[in-house]
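Each of the next two complexes has chain A plus one other chain: chain B in the first, chain C in the second.
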Partner chain A sequence: MRIKARTLEALYALLLLLPFLFTLTVFFLYAFVRALYFSFTDYDLFNPPRFVGLGNYLTLFRDPLFLTALSHTLAYSFVVTALQTALALLVAMALNRPLKGITFFRTLYYLPSVVSTAAASLLLLWLFQRTGLVNQALSLLLGHLPHLGAFALLFLAFQTAQVLWERRRGLTVPFFDPALALFSVPLALLAAWGLGAAGILEPWEVRVEIPWLPTTARFLGIPYPLWAIILMNTYTTIPTLMVLFLAGLKGIPRTLYEAAALDGATPWVMFTRITLPLLRPVLFLVITLGLIGTLQLFDQVLFVGGSGGAPLEATITLAYYVYGNVFPSGATPRVGLASAAALFLAGLTLLIVLLQRRFGVSERGWSA
Partner chain B sequence: MKKAFLALLVLLGLASAQTQVRISGWGGTDIAIVSGLLKEVVQPKLDKEGIRVVYEPIEGDYTQWLFNALSAGTAPDLFYVDVFWSESLFATGRVAPLDPYFSKGEIAEFLPNLIQAFTYKGKLYGIPKDFNTLALQYNTDLFDEAKVAYPNQQDTWETFEAKLRQIQAKLKDVAGLCVVPDFARFGAFAFATGWKPFDEKGRTVLDQNFRRAFEWYTGLVKRGAARVAQDLGEGWTGGCLGSEKAATALEGAWIAGFLRDKAPNLPYRTTFLPLDPVTKKRGNFIFTVSWSLNAASKNKEAAVKVLKALTSPEAQQWVLERGLAIPSRKALANNPYFQRPGKEPELNRVVFQGSLGQGGYVYPFKFLSYGGDWMRPINEALQAVMTGQKGVDQALKEAQAALDRLMRK
Partner chain C sequence: MSPREAARRRWARVAWIYGLLLTFGVFFVGPFLMGFLASLKPDPLEWPFTLRFAQVSPKNWAAAWRLGRAGSGDPWLGGMRPGREVVLEVAYFWPEDTPPPLEAAVPRRRPGAGMGAVFETPYAADHVRLLGPELVEKAPARLGEKEGYAYRFRLRVVYPGEGPFLERVPLDLEAPRGALYLGATLDPTRFERRGRVASWDNVVPGFVGYVFHNYVRAFREARSLETGESLFLRWTLNSFFLAAVKVITTLVFASMAGYALARLRFPGRQALFLFMLFSMMVPGQVTFISNYLVLKDGIFGLSKLFGVETLLNTYTGLILSGLVGAGAVFIMRQFFESIPREVEEAALIDGATPWQTLFRIVLPMSTPALGAVAILTFQGTWNEFFWPFVVLTSPREIYTLPLGLLSFRNAYGQVGDWGLILAGGFFSMVPVLVLFAVFQRYFVEGVSVGALKE
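Moving on, here comes the complex of A and B:
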């Protein structure tokens, strides 16, 4: 019997895929089916699972902690995805310019994403301590408001004088002409420093002691500690996404921009009509990865809640809720409830990604 | 060559004749202690009986590992059980009761408080290997410098606080005490008022006594006697003492090892926690760990022999003399080690006695099978009041509501 070439090829493909399929079956499919089964039972790892139907799912929606976790997860995911996508695109466009020494800056900008989440979380804890850098910087800034005010006034005065002088010479210069500002800024700085040194301006006694982490206070409906995590994660993910955008930008033919420039297109038009449409496949990838990654936020919650002293109600996310129920500190595992929450999170992730693809940015470009 | 081969055969023969007993605990500093104990005390005794102890310490999250191993049937014969999560583990039936293996007389040799801590529904599920309580450590240099009298065991909350206030007033950059929003410290003061974590019906009521302790503890910062540990960049009161950011600390004997490394020349002494001015009593926690027996163990008899060797008077003497842990046997209360001069024997003595009459109202560090979920509302109330985000009334009302919700489940 002879095997057809196509069949043989398919068999080879299957053979080469086998190791991957094996791990997928054991660690994903089997685990998924088990979790699905457990989610309909009351199970504590020890006594045989007892079927409770949809009981766990109903319990979830009656648990205020779960509802808090759900709202945190959604808010966190949308804010971080929006922020990191926009900022990464901005940085990528800046780094895509043919400037001298641009590779140095590309390396520099990529550094934050090399930091492990544990180290980044530790930094976060120190920055946001009550006597930490953030509060100290705020104190310094608020304390020197007189100096800043003086600087702004002096700058305006110097700039106005120069602009008037130029205009008298018959030159039309815009008010914020950079060449003139090059003189006004150092002059104003020097004068403001002089006023301070002469004792005319005194710094105010300001001590900002906002407890950023051990608090349940909210800003725009999101608790402070979660904002701190948002800042940190945006900062550490931007570089990775930036690299993806850079690759996408490199793929856009220069000729398109040149043609547009000949037609007199402004940079904004070029951005919205050329860059964005051609970046759509990358944009889709970045947004999808961002959504999936942010919906599973876990480790920072563990660190900020553990050593940062942030209350659980102010930081808990769905992934942490799952973990906290499988291994509750000092109590019996609630595997059934945790499985239900895990499956809910999986379903939610799928739903959000599909909705995003349908109504937001899809991977197909050119159609816009 | 032939000789070596023969020797190997003999060794193999020996190994097969021996009964293996697997034991596990968490890693960290415990590895050196248990390994030393096994090598010098336990194994020589068991060699005659043909028992070989295999020690498998676990780094990482021990509780998760143990629950998983017990569930999967791969757990060792003997393992550590922390009293904090003991009840939820004993309730699963995967731990064997020890009553059939120990006579009443043998059990009576251990401190009754500790035996009680590992008794669940009338059965004994673990032999305490060691324990800890809270004590008050103070930096004598800082007290001398500020010319303030040392804390002593007659101090009440009020006289103790007065000393702390003096310290903070005289040594501007040193806190009297650094406080943590943690029931594991605050609870000792709540117990001193006679408050019980659970009433007869098993419910938690944050009553007037609790409130009195709560107001005193959370008000220390505002009254200029203490600072919040996190504001000083520390996570625990021992850290503040070690870095001389605070003059006192509320810790157990575990602080000794930390100070030995971090501040070997720091002169400190130890006394009992201050007394509640109303009840004239103090309160304390017992933090303790047991060796417990796997109910699915195939060689229980051998495992129990190992357990007895691990908690024997010789073993505990060995551990105590090295200042590694506080023994759980009554007979060691009068051990000459405790009378040795020096800061560590004094610390260990006060911690040991904290579990006895001098300790006052002493409770094991466990909360039925609620665990950390039970402490969380109280810790969050402590934090909210200490950072000035909530008033006492509101914080306690919310904590009570959260506790009621937890107990209804």
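Moving on, here comes the complex of A and C:
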């Protein structure tokens, strides 16, 4: 008997899909359904699960540690997404021009994002130690405030002199004319350095020793150690998002900007009226990816915590809460509770994706 | 506006943009560069942070090379063998006419803390003899306001008779108050007791042993308690092995699945695709509990057929649970959709099966997508933390590099041995950085393709 071509094709598809279906079924579908089931039970890995209904979900919202983890996760997620989206867009716009050597800069900027979270966390730990580079840089900056002040004043002086000179020649120049500033800035730098070298300006004795990690102190409601993680992760994710923005920016026709320039539009108007609206699909994609990624923060919490590091209540996130309840040190695992928290996290993620689908423009428009 | 004026403005704008790009460059590369330099220092947390330290001075590189060769014949990693002798010269400023009394000793010092402290290595103090310091030169000198003499001393470290190979020979040199250190063949590792004691961790370091001191320590000090082999090396090899296997399985299985999803008609195709997208959005924290249990039981007891009780703490378990990722399937599918059908149709008319079409015709022209998938998979596996952390718990020999770094951090973070921690972190970056330098196009392409959703 001959098999129909249609059936044969389907059989081939099954054959080709088999390994993928194995992974997807056993390690995703089955796992997802089981997590759902566990979340309605009281399970400790050793005794058989006991059905408790919605009990776990109710317990979650009475657990102060969960609420801390939730607030940390949300705060972290929103701050990092906002920071990295804005900065990545800024860098992408700086890179989006036909200049010599621009590919070199693109490669250079991509560097932080190829590094593992483990290695990045170790770097973070070192940077934010009490005598780490961050505190040293802050000390250096604060100690040289006189020099910075002198630099600012000198720059204003040189710039004013040049602008007045140009205006006397009958040319109309704006005060912060870039061509003139190109001379004022190096001159002011040189003069400020000279004042320091001549001993007229003395650096102040400043020693910033902010304990970034072993503390529960908060800044703007977010603990210091979490700020350290926020800064580090923003820094390592910018390059990836920058690549996405660059791809999006390439799709905007140059002629639009040229026409706007002819009509006398300022750069700000061009940014808000041309770049942003046309970039909206990419913007939504970047924000979604950012939110999904940041909601799962785990590795850094583990690295930054531990011996001599940050206290857990200052860094705990939802992902860590889940792990900590499945493998607690010296206590019975609370798998049911952990599953409920994990599903809550998944629900949060899906909610964000759905919101993006609802309010974002369909991505079809720009990928073509 | 005159043409000259216009040109000037254009140049100014270009200059500002390059300035901006350079500033961004400092921001993106600076912390890594500083961290790398710090990882060469004996104390990466020194205050103030200097960029001119002993490990970056060519004079010390040459000296370390010579001393290493004199000590063991190995100019790279140094060490000391029986029957060898090394000579070290030190210069001090001393205001008086008689030479300052110096006290030199080979201290009994344990190498490192944490994991390294467990092992008993032969002490150099038990085997070598120190001759000197003997005065070789005296010259009048001025140091600022002070008049005095520059005294040059020679120290000889000899290793007579028979004995074990010594990895390091430390040396302490104590000078009286008022004597100022001027220089030495090899600059000391650190000064102790208000600068009076110059201390060398190793006077026979070799070039690598001196410049990459912390890196060598990372390999030497983290060793397996049972076999004594270098744990750090083991972890690196483990990571390489896992990444290689996963790249192969992903390439094969993702192209198969991607091709089926892109080209073949079968019931439930659209549903499967949507389900795949859904699986990419669910965080790993949801599925790891069940997956942990599945591996614990050996995938529904199947592994017991092969005589394996559990797949926890095995690479088989880790590989089987991550045969192919949805992301890779997605990239391959998108790529196959983008290539014209005509070529394949010709093959199909000639009677080729989809299997043959895929492997003989489609894959050979899919190198860009395969490259992107291979690179992203390698990077992903090399950097992956959470799932291996759950599956591989003991013994430490089976860790991957990121897990090893965590145990490093926990072993040395408390004692504050940041040189070792940083060295471990930077070493783990090397393969990905090399890969990135060679295949950077694929990295960027992979990101753009992987993010495009239909």
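Just so we're on the same page, the second predicted complex is superposed on the first by the 307 of 368 C-alpha atoms of A that agree within 3 Å, B and C clash if a C-alpha of one lies under 4 Å from a C-alpha of the other, contacts with A are read in each partner's own complex, and residues count from 1 in each chain.
As a working rule, contacts are C-beta pairs under 8 Å (C-beta built on N, C-alpha and C of every residue); 3 or more make two chains touch, one makes a residue touch a chain.
Keep in mind that what you see is a predicted model, and the values were worked out from it rather than measured.
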Legend entry - Simultaneous placement of chain C and chain B on chain A, clash or fit: clash
Inset, instruction - Figure out whether A:L17 sits in contact with chain B (first) or chain C (second), or with both, or with neither. - result: second
Inset, instruction - Using the superposition on chain A described above, determine whether A:T131 touches chain B (first), chain C (second), both, or neither. - result: both
Inset, instruction - In the overlay, answer first, second, both or neither for which of chain B and chain C A:T215 touches. - result: first
Inset, instruction - Could you tell me if A:L312 is touching chain B, chain C, both of them or neither one (first, second, both, neither)? - result: first
Inset, instruction - In the overlay, answer first, second, both or neither for which of chain B and chain C A:L182 touches. - result: second
Legend entry - Residue contacts with chain A in the superposition, chain B compared against chain C: C
Legend entry - Touching partner for A:L95 - first (chain B), second (chain C), both, neither: second
Inset, instruction - Between 4-12, 130-138, 220-228 or 274-282, work out which stretch of chain C sticks into chain B after superposition. - result: 220-228
Legend entry - Shared contact residues on chain A - chain B and chain C: 45, 126, 129-131, 307, 309, 327
Inset, instruction - Would you tell me which residues of chain A are touching chain B in their complex? - result: 44-47, 64, 126, 129-131, 211, 214-217, 307, 309, 311-313, 327-333
Inset, instruction - Quick one: which bits of chain C touch chain A in the complex? Just the residue numbers, please. - result: 5, 8-9, 11-18, 20-21, 24-25, 28-29, 31-32, 34-35, 38, 44-49, 249, 252-254, 256-257, 259-261, 264-267, 269, 272, 275-276, 279, 281-294, 299, 321-324, 326, 329, 353-355, 358, 379, 382-383, 385-386, 389-390, 401-402, 405-406, 409-410, 413-414, 416, 418, 421-422, 424-426, 428-429, 432-433, 436, 440, 443-444, 447-448, 451-454
Legend entry - Complex contact set, residues of chain B against chain A: 61, 63-64, 67-68, 70-71, 84-85, 88, 91-94, 181, 228, 230-233, 235, 366-367, 369-373, 376, 380, 383-384, 387, 389, 405
Legend entry - Complex contact set, residues of chain A against chain C: 6, 9-10, 12-17, 19-20, 22-24, 26-32, 34-35, 38, 45, 91, 94-95, 97, 99, 102, 105-112, 114-119, 121-123, 125-127, 129-133, 136, 171, 178-179, 181-182, 207, 235, 238-240, 243-244, 247, 285, 289, 292, 295-296, 298-299, 302-303, 306-309, 318-319, 322-323, 326-327, 335, 338-339, 341-343, 345-346, 349-350, 353, 363-364, 367
